[in-house]
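Got a structure for you, written out below as structure tokens; questions coming shortly.
Per-chain numbering from 1; labels A, B, C, D, E and F assigned in written order.
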Amino acid sequence: MYHHIKKLMYTVHVNQPDPRFGNMLLEQFGGANGELAAAMQYSIQGINCEDTVCKDLLMDIGTEELSHLEIIGTLARMHLKPMKKSADAAEHDPLVAIAGGGGVTLCNSMGAAWTADYLKITGELDVDLRSNIAAEARAKIVYERLINFCDDSGTKDALQFLMTREITHLRAFMQALEMVSKNPLSIGLIPPTPRIVDQWYNDSTGEGDNGEIDADGPWKSKKGITVVESPALQEFQVLKATPKGSETTVVSTEKTQK
Amino acid sequence: MYHHIKKLMYTVHVNQPDPRFGNMLLEQFGGANGELAAAMQYSIQGINCEDTVCKDLLMDIGTEELSHLEIIGTLARMHLKPMKKSADAAEHDPLVAIAGGGGVTLCNSMGAAWTADYLKITGELDVDLRSNIAAEARAKIVYERLINFCDDSGTKDALQFLMTREITHLRAFMQALEMVSKNPLSIGLIPPTPRIVDQWYNDSTGEGDNGEIDADGPWKSKKGITVVESPALQEFQVLKATPKGSETTVVSTEKTQK
Amino acid sequence: MYHHIKKLMYTVHVNQPDPRFGNMLLEQFGGANGELAAAMQYSIQGINCEDTVCKDLLMDIGTEELSHLEIIGTLARMHLKPMKKSADAAEHDPLVAIAGGGGVTLCNSMGAAWTADYLKITGELDVDLRSNIAAEARAKIVYERLINFCDDSGTKDALQFLMTREITHLRAFMQALEMVSKNPLSIGLIPPTPRIVDQWYNDSTGEGDNGEIDADGPWKSKKGITVVESPALQEFQVLKATPKGSETTVVSTEKTQK
Amino acid sequence: MYHHIKKLMYTVHVNQPDPRFGNMLLEQFGGANGELAAAMQYSIQGINCEDTVCKDLLMDIGTEELSHLEIIGTLARMHLKPMKKSADAAEHDPLVAIAGGGGVTLCNSMGAAWTADYLKITGELDVDLRSNIAAEARAKIVYERLINFCDDSGTKDALQFLMTREITHLRAFMQALEMVSKNPLSIGLIPPTPRIVDQWYNDSTGEGDNGEIDADGPWKSKKGITVVESPALQEFQVLKATPKGSETTVVSTEKTQK
Amino acid sequence: MYHHIKKLMYTVHVNQPDPRFGNMLLEQFGGANGELAAAMQYSIQGINCEDTVCKDLLMDIGTEELSHLEIIGTLARMHLKPMKKSADAAEHDPLVAIAGGGGVTLCNSMGAAWTADYLKITGELDVDLRSNIAAEARAKIVYERLINFCDDSGTKDALQFLMTREITHLRAFMQALEMVSKNPLSIGLIPPTPRIVDQWYNDSTGEGDNGEIDADGPWKSKKGITVVESPALQEFQVLKATPKGSETTVVSTEKTQK
Amino acid sequence: MYHHIKKLMYTVHVNQPDPRFGNMLLEQFGGANGELAAAMQYSIQGINCEDTVCKDLLMDIGTEELSHLEIIGTLARMHLKPMKKSADAAEHDPLVAIAGGGGVTLCNSMGAAWTADYLKITGELDVDLRSNIAAEARAKIVYERLINFCDDSGTKDALQFLMTREITHLRAFMQALEMVSKNPLSIGLIPPTPRIVDQWYNDSTGEGDNGEIDADGPWKSKKGITVVESPALQEFQVLKATPKGSETTVVSTEKTQK
């Protein structure tokens, strides 16, 4: 059950409304990495969650994101209001001006309606936590970019507050993942097939015109890794399905790291 | 530049086509966590990437996912083919039967068209790698569920191969993240506001009918954390915007962990 | 600012989970007339609203709808849970089974992701209230249909509670509209063109095979109405743009009601 | 069956094509509250409708909206045509310029493709009429805003004609609703639960920074209403499901209006 | 300007309503290749068209497709009506049953809302005609599949009528294309680069497990064609941008057909 | 199976990045007629295809389009990069600037996410080839328009290369259609109804204000065609369903061409 208090979680002051920037702010209101996406992703994961400790975490943060949605919506509304009257302002977002009368709607900065396709909800707790860590990292960087494009100090303060909270959440989700998953490489119950999991398929090779190279990261060079060079070009013949029970054997030009 | 070799990366054998299962398989062909989503997310991040080592990683995996898309498409095609003729089969997915003639299309198991809204691409390398780790974890668990619903041994073998590779990729993205980001809590360049980042807002409280509790995870109890109890109910008055330069002070019923 | 209490607004009891019905319930969770649509439509209108009394109304109801979203989500989760294990159950919604692990997501009963395209938000208070009256009427009838398809008494009780509240909201929005709009036919500030507003264009004529007729409702027969018979067939010549300032004259086969 | 006459329902004159304004006009061509949405909503309700008088009404208006779609499309086409040649013009809508060659497409002013998600069709006549009343009110206000942003007198005349007709339709739908529904609070057949329908949940309380207050509208103060103060904070315990047959009792701090 | 006559263009008789088949029929009502898509594609191309003869063609067919939309909608409505009452029927399309009360909506057979993304409108007459030829061919084959899945003779008759008309339209669009485009390979005004247009890139090679081969169609073997074998593997070095004015030279393992 | 070579199929040089033009380029990256749409349409048709010669064709071109996607993405990335830093640049596409950090995403020039709704895949080879011919014609004209709006000679060269290849593909698909379909009017197996296929319904009549006329194309005047004048206005009575087996007779004001 929810209760709403009319005071915002962070009081916003806008000195000079800027419709162009109000339009950019919509990215965090109705955009793919915005506050509604965060609120819905965590709260619905919370409804599905059967671990009481993490369920509480998901509901705590999910609820806080609703309060963030209200802050960013109020802020965007202040910046977008001049669109109702000014044709110059209206050009930055005719949808807000003509269909919305200068009010906010659940769209991103290019007028795309918010969609639940943005959400990542799998019903598997440790997997969902990984999706949440990534979501918080994305939200953080988007707030940083908004701050960099912002001229109004009051708006900047609010964005700094919101950006800070994403780091708090990022840390919490990382702690929760550590708590529920002992081995970060183990997902679900079915183990990967032993030899195949240690093969690296070098599927992109050669050199490009702008310095692109066939590099040598740890994923290729760590001990135990078998590099399969350009598997497509070898027609991958040795990986054909083998009789059930027997082992898959890889015989081609691959090289196992030692 | 791409080249295509007609042999599949993993040869598929289907003993008994099962349109109901073919329909489920579409989740990994045109679904939110499927192979096209993976191929596009990594390849496009690769186009944007300016770190040559990680760019190679992104193109290696992005290309491998295209080969996976081909495997899962071929497999689904084999299972869905009877839909063209049988009305009973057609009921499982009238879109495939009527509009597709028993062939695959870029839809998920409920007929929703694939959309780039599924993708997470930010143009910030370490953030993108977190999104990729989460994406691989999701793909792994979806393959596991498909295996659990699958009766055909040839199909199961192919799914096991594909599932295994997701773990290979998960590991590689984790290694890459370690390589490019020294501090997993540091995203972008603007630091979070010191005191606010250490506050925990206990926004969801009380007890529920099915054992829901106000739990005490490490995010609340770790040293240095200040718990703000039910901030909405205190009307959050102390967090009002303060004059620029001064510090935000929190004076309410909060308790700092020691 | 929001606060969440773990107890549901209406405690739900499910005697016998029914995945088929759980799938139908999603219509009110992530569907076009469901609880998220209601919560978002009213809360965002509330952010835009500059009338303090109606702003309070919008936030009261918007918040209650969030609590309803939680009820319907919890209920659907209980009914959908068997999908994780049973292939028969999974057929009712492979998306929930395979991608969601038997948990809820923001989709409707056919797996379409929730979209803000469902919302009607114009930034004009009296217009928004009309959209809300219609939205509550739609939600009421959808709950009634769900009750009619429901076999489980605990589920029925919860749906009856939710359905009842829609009528409470419907009445409140009607009272608010009466309060802010003295003339229900007056929208905005620009008046309609006098004679044209009283014309009825009889654009659909003749008789159909199933009893369709060219009927005579009050919109045609009320005093003052001028019926223009089959305007397309008269080529509408008399309605051509006339010199600015002069009056549009209609001379054709029309008949003014007396 | 439809017939098309090449003369427009309202002859349009454009003195000075203005691509910026042509782009705004698309809101009424392919936008959420535009003419296609109106034409489709009413015509499809008409196909479903089993009341012959209202079926005729729905087909009359649905057909007129098709003629409006043609007017607004022709008008937008005239304003957008320069986009084909001028890069400056093209910036207002690169989609129209590059993909459409300066012609109209079924998109809104921000390039979002028209979707049937905009429609409200329930198959329940009185509910559909409420949705139509709201739709006409929205269309009216959008036309008013377009007129306010318009500099071209010929375009303004056409918009005034179209805006006027929405009021004609609004009135007709209101008359039809009165005709089919004796009690505006009665939707469907299942009655609401008596005491619960008269409760007001005061879910949003306190004061905000911009004059937001916990106001006292008729929905709270009318005789017979029971106000439940901040139900979430009282944990709503008294509304728990009660044994079938018994009455729900509310005992907390609520106050019934007299 | 449009006029509607209540008689259908083809009278429909349904002996035995079949909700399962009604659901399939939606593919031609609100589906990607359905009648609304056809009506909108041609009518909007007609609005954009500046060739008076083809404009008439586009409006003739666009209007006929509206009459087809009405037929298929009426037919689907008859088959779907039992969904309102029967839970067994409702399972075939819970969206129609729960949200639509057994009435039609603009969705396809899997409940996906119709979208203007289905349309192909470029503002270039000869290109649009090619899109229309393809659209008619798709509509024809979809009707054929519906007929093959249909048990009801009255329904079959109507589908046969509709299918027949698509062939009429296909022929007309082909005649129109012949009329406006003398050279079917010439699109627009900028000519293709001479030598490059005659190269064939053999980008997919080898043999597959199910008889896939590197075949030899006329596109490779016709006189004047230069086959570039596996260009990616040769790293396409010779196609690098050359100094403006000079000619691109291809020197690798290619072979020009004689 | 795919392999990726780091060298682009056409080396791109950008002298002066132009974010406004970079935004337009996205039309061919993530737009409706862009390279991903082409790559996916052909490759998935290829997976479904059972004719080995055409399957090879579809995979050859599908793979080449992937290489084109890479070229256009690299080109757009170069033009969009300044968006990360410059507010003026960012206004052309705030989504790319704020959410994408100046990198490309799978959106069109108006920020709409790519969707598989753009694709035309029917599982019927000759129908798919018609869709592909139309798709290539659309891609050609879009490239031509981009070239016309482009100031940078290096970018122009790349676009000319890509545009040229579309003509190569157009020709190949036409050759393939000729190969598989002897009669261009014959689609599928069920023949059209003889007399009805030769009727022309003159559904759009009269004269418009801008020279629109009821024209006389070959589709009306060719020998054997029966023109049915304004069928709706004659209420189409003669086309009513007739007893099975009997012939449909048309007796009205129609005129058969001789």
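FYI, contacts are C-beta pairs under 8 Å (C-beta built on N, C-alpha and C of every residue); 3 or more make two chains touch, one makes a residue touch a chain.
Note that this is a predicted model, so its numbers are computed, not measured.
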Cα superposition of chain B on its sequence copy chain C - rotation in ° rounded to nearest 5: 120
Repeated interface matching D-E, over half of the contact pairs identical, chosen among D-F, B-C or A-C: A-C
Equivalent interface positions on chain D and chain F, same or different at half: different
Chain centre separation in whole Å, for chain D relative to chain C (CA means): 9
Rounded Å distance, chain C centre to chain E centre (Cα mean): 33
Distance from chain E to chain A - Cα centre to Cα centre, in angstrom: 36
Residues of chain E whose C-beta touches two or more other chains: 1-9, 11, 32-33, 59-60, 62-63, 67, 84, 99, 101, 107, 110-113, 115, 117, 122, 124, 141-142, 203-204, 206, 209, 212-214, 231-233, 235-236, 240
Contacting residues of chain B [partner chain A, same complex]: 3-5, 7-13, 32-33, 52-57, 59-64, 67, 115, 117-118, 120, 122, 124, 126-127, 130-131, 133-134, 137-138, 140-142, 144, 147, 153-154, 157-158, 160-161, 163-165, 167-168, 170-172, 174-176, 179, 184-185, 187-190, 192-193, 196-204, 211-219, 222, 231-233, 235-237, 239-241, 244
Sites on chain C touched by chain E in the complex: 20, 23-24, 27, 31-33, 92, 108-112, 141-142, 145-146, 149, 203-209, 212-214, 230-233, 235-236
Chain B to chain E touching residues, read off their complex: 1-8, 11, 84, 87, 90-91, 93-95, 97-99, 101, 107, 110-113
Touching residues on chain E, where the partner in the complex is chain D: 1-9, 30, 36, 40, 43-45, 47-48, 59-60, 62-63, 66-67, 70, 73-74, 77, 84, 99-107, 113-117, 119, 121-124
